[in-house]
Amino acid sequence: MLHPLILAVLAADLAAVALVVAAAIVALRVLLHWRPESADAEQLRLERRREVAVWQAGVAALLFASASIAAIVAVASALPALVPGAMCGTGVLEAMGGAGGRAILLRVLALGSLGALLLVDGLDRTAPRAPLAEVSARTLLIAAALVPIAAWSTWSAFLQLDVHHAVDCCAAVYDPVAERGTGLFASVDDSVWLGATVVSTLVVVASAARLAARPDARRWPVVLGSGGPLLAIAAGGALVRVLSAYRYGVLAHHCPWCLFLAEHGRVGYPLLLALWLVGAEGVAAWLATAIGERHAGLAPAARRRTRRAAVVALAGVLGYLVLAVGPALLWRWRHGTWLG
Amino acid sequence: MSLRADGVRFVRRDSRGDERPVLDGIDVCFEPGELALVSGPSGVGKSTLLHLLAGLVRPTAGTVWAGEEPVSRFVAAHRDRWRRQVGIAFQSPHLLGELTVLENLLVPLLPRRIALAEQRRRAREVLARVGAEPLAGRVATELSGGERQRVGLARALVGEPRYLLVDEPTAHQDDAAAAVVIQALAHARDGGAVVVCAAHDPRLIGAAAVDRHHELAAGRLTPCSTR
Amino acid sequence: MFAWSLRDVLRRPGEALLVAAALAALALVLGVSLLLPGAVRATAARLLEAGPALVVRRVDAAGLAPLPESESLAVVRGVRGVLTARGRVFGSVGGPGGPVTVIGVDAAEAAGLGIDAPSRGDAWVGAGVADELAGALVLRGVDGRIVEPAPTPRRLPGTVAGTAAGFVLHRAVLVDRDVARELLGLPPDHVCDLALEVRHPEEAAAMVPDLTAALPFSVVVETRADAVGRVAATTARRGSLAALASLPAALALAVLIVAAARDRAGRRGEVALLKSLGWTTADVLRLHCARAAWIAVPALALGAACAWALVLWPGVRWPGIWFFGWTGSPPPLTLDPDGAALVLIEVVGLIGAPWLVAVLWPALRAATADPGELLAEDGPA
């Protein structure tokens, strides 16, 4: 199964792994030999190699993110045509036999670690003496462990893709919910998803608005840092379980992947971006503040980053509200009733 | 802001791995609005001192300070950024051969967010200051040694640096051209820049524009005169 | 910076032109060798999709055998799910300049093709046969008998039944069914195979056992999916051979990458000078990126566009000789452009990415070194 998109994912992943592993070797040397007070040849060489490694890690993050987008496009739009019975990405994941879901989870973790690395390096660059060199090296080592695992699991998932046997796309979508399955997604009631979304939205909007106005406000970064990922999960659940019906115009079609299809305006892509921004930037605000508190020299840059994270998280919430909640409100306004 | 060397030591390692101390405990402070001259025979380490002051290399020991900032302790990326405040004219001017003189002068301005018209205006103004305006359209490889030297100086001046470091600016110049060069250095000094000039040209050593004169010998800097 | 990078490229115009020409040639060779099999496969699949859902052939100990038309049609029409069925008469016979495909058409089939039905003494010929005719059409039947089906055959139009037919009917001769039977040595009321349309094409495979059981002789039944798969396998095999042509291209790419890397490594002094003049590593990389883009983007776009034109321009003839091993006058092909954009993007990525790395990596290494040392090594004079 060598679809061009799969090849593109593989190539970008391979390049990212090579870059991040090479950078990790330098990171290891930084952890062992970094002596910022020294100007000897060893330290100078390490500083130069570290600068290259930071660039490498940045390019690796870009490549890995691009590969992740290509993988989503492949699963959502390209591969369903090749899997008998698959109408969207749900069928493709079913044909991967569980490996697909694992790969997505690992990619999210790897992307998170790369995002944290970029944040740390971004702040570190603002100080002349690289006070975060060792923190950056540790983060890079974590990323260097996660990225190859995520890449390998993605490749395994594509290899396990069974294009010879038909899948039942709808059974995968309808049955777990209809039978109140045991998983988090299927077993939790609609009202819980909606309630969690409303509460976490209020928390994120309040904390992000506060930090956008005053990025040095205490405690609020922790609130945004925990509320952002919670909102991303809750809003994702509410979208699939309740709000997607207003996009599909059909009750109880709890499919996340159909949102990526052309007939639904490929709205899944901007919605995924919005949820990612809310979750990732929430954590970024908290991380930046924590770094700023520990390193006084980085405090101004950390405040700027916190403010930016808060604004972006707000934009993410707004995007979600417009794209996911908007159609539901429109439906209510037009028809005078909620679906179901 | 001043430019200060604090116990700066520099050891050069040759291809066989043998170490040779070039500078051995330099303590000096160059103030804004001052034209300082460092003299000494060829090979004594004047260029190395300028490179150290410009952050092009890092000292083996000691620190170079720009105001309160220990620039020699900055990591490479930060020294690059700090170097935008520095204008350096090398002994060998290192012009880009296939470009015209005017284009060579634009090179330091390119990464800065300055409109192209303003870049050209500045370049022409500086060329006029070093008496090289007629050379603007000439390709760098067609210039004589003296002309190249003056273009190198103009390139150092065009970014309006806070720290101007110049290596043998009057070499290959006739008396008239040397006077123009000294005048250009004095102009930068009068604009508030720290001007450090390495030379062993008697015309420069005896120039009235020089505020302070140090002699470099055996890796150490000795003050000779102050006006 | 972007405009300046163009000026920087023009510092060495000859070198830039040479590199651009090499990149364009690489994109052309790789593009053609990857586009052609895909386009042929897509075209063949499209043609087969327009063909019958099921094809029934009779087999005996000697191989394929003719089917009695009336009897077979009566049986298969009785199988549940069969919508229409018709017998087909066709085969390979000797013609002017080599083998030709003789197709026996009746009035209904001719009407479907949008041509007059050929009667005895009349024939339609494809462009490849018409080009080689010198006088009357003379064919050699399977039993060696010389037959002159038409003194003045008519040339088939380029477009038949609303589609470009050059690929299929280039070396075909369309004659009256009985004439075709005589040429192919078929008994009267016998056909080569049966073409079936079914009510639900996705269930065609499930009807194969019913058809096999219904007919009173051994048959093989091929579904449309089987046919598409067979053509895809053949095309993939030919495509692999065609891809051998891209091996020298890959070597050329490797040479180009090494040359680019060495060239950039050789210009470390220039990077050092830029850094001593206040450029940061990011500035240096931006310049190199922009410089690479000025050369690579137009070159790769040109190479990819030429590859597209060579393969997908309506009426191209060379793939007939190169890909299908056609001798004589090759058919004009109008291949399907499905998926061509993705293939070309892939080609651009395959060439552009390593080349960009070859340009940027040495620049990054030089940009992160201490400029003073590099200037001492080999700075510009």
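A, B and C are the chain letters, set down in written order, and residue numbers restart from 1 in every chain.
In the analysis below, a residue touches a chain if its C-beta (ideal position, glycine included) is under 8 Å from a C-beta of that chain, and two chains touch if they have at least 3 such contacts.
Since the structure is predicted, the reported quantities are computational estimates derived from the model, not experimental observations.
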Given chain B and chain C, the chains that contact each of them:
A
Heading the list of chain pairs by contact pairs is B-C
Centre distance in Å when chain B and chain C are each reduced to the mean of their C-alpha atoms
65
Could you tell me the distance, in whole angstrom, between the mean C-alpha positions of chain A and chain B?
50
Centroid distance [mean C-alpha coordinates] between chain C and chain A, Å
40
What parts of chain C, by residue number, touch at least two of the other chains?
281, 368, 370
Touching two or more other chains - residues of chain B
58, 76-77
Which chain A residues sit where two or more other chains touch them?
44, 48, 51
Which positions of chain A touch chain B when the two form their complex?
36-37, 39-41, 44, 47-48, 50-51, 125, 127-130
What part of chain A is in contact with chain C in the complex they form?
4-5, 7-8, 11, 15, 44, 48-49, 51-52, 55
What residues on chain B touch chain C, complex-wise?
51, 54, 56-58, 76-77, 80-81, 83-84, 86, 88, 90, 92-99, 103, 106-108, 110-112, 116, 155, 159
Chain A partner contacts - residues on chain C that touch it in the complex:
281, 285, 339, 342-343, 345-346, 349, 353, 364-365, 368-370
Footprint of chain A on chain B - complex, ascending:
13, 58-61, 69, 71-78, 82
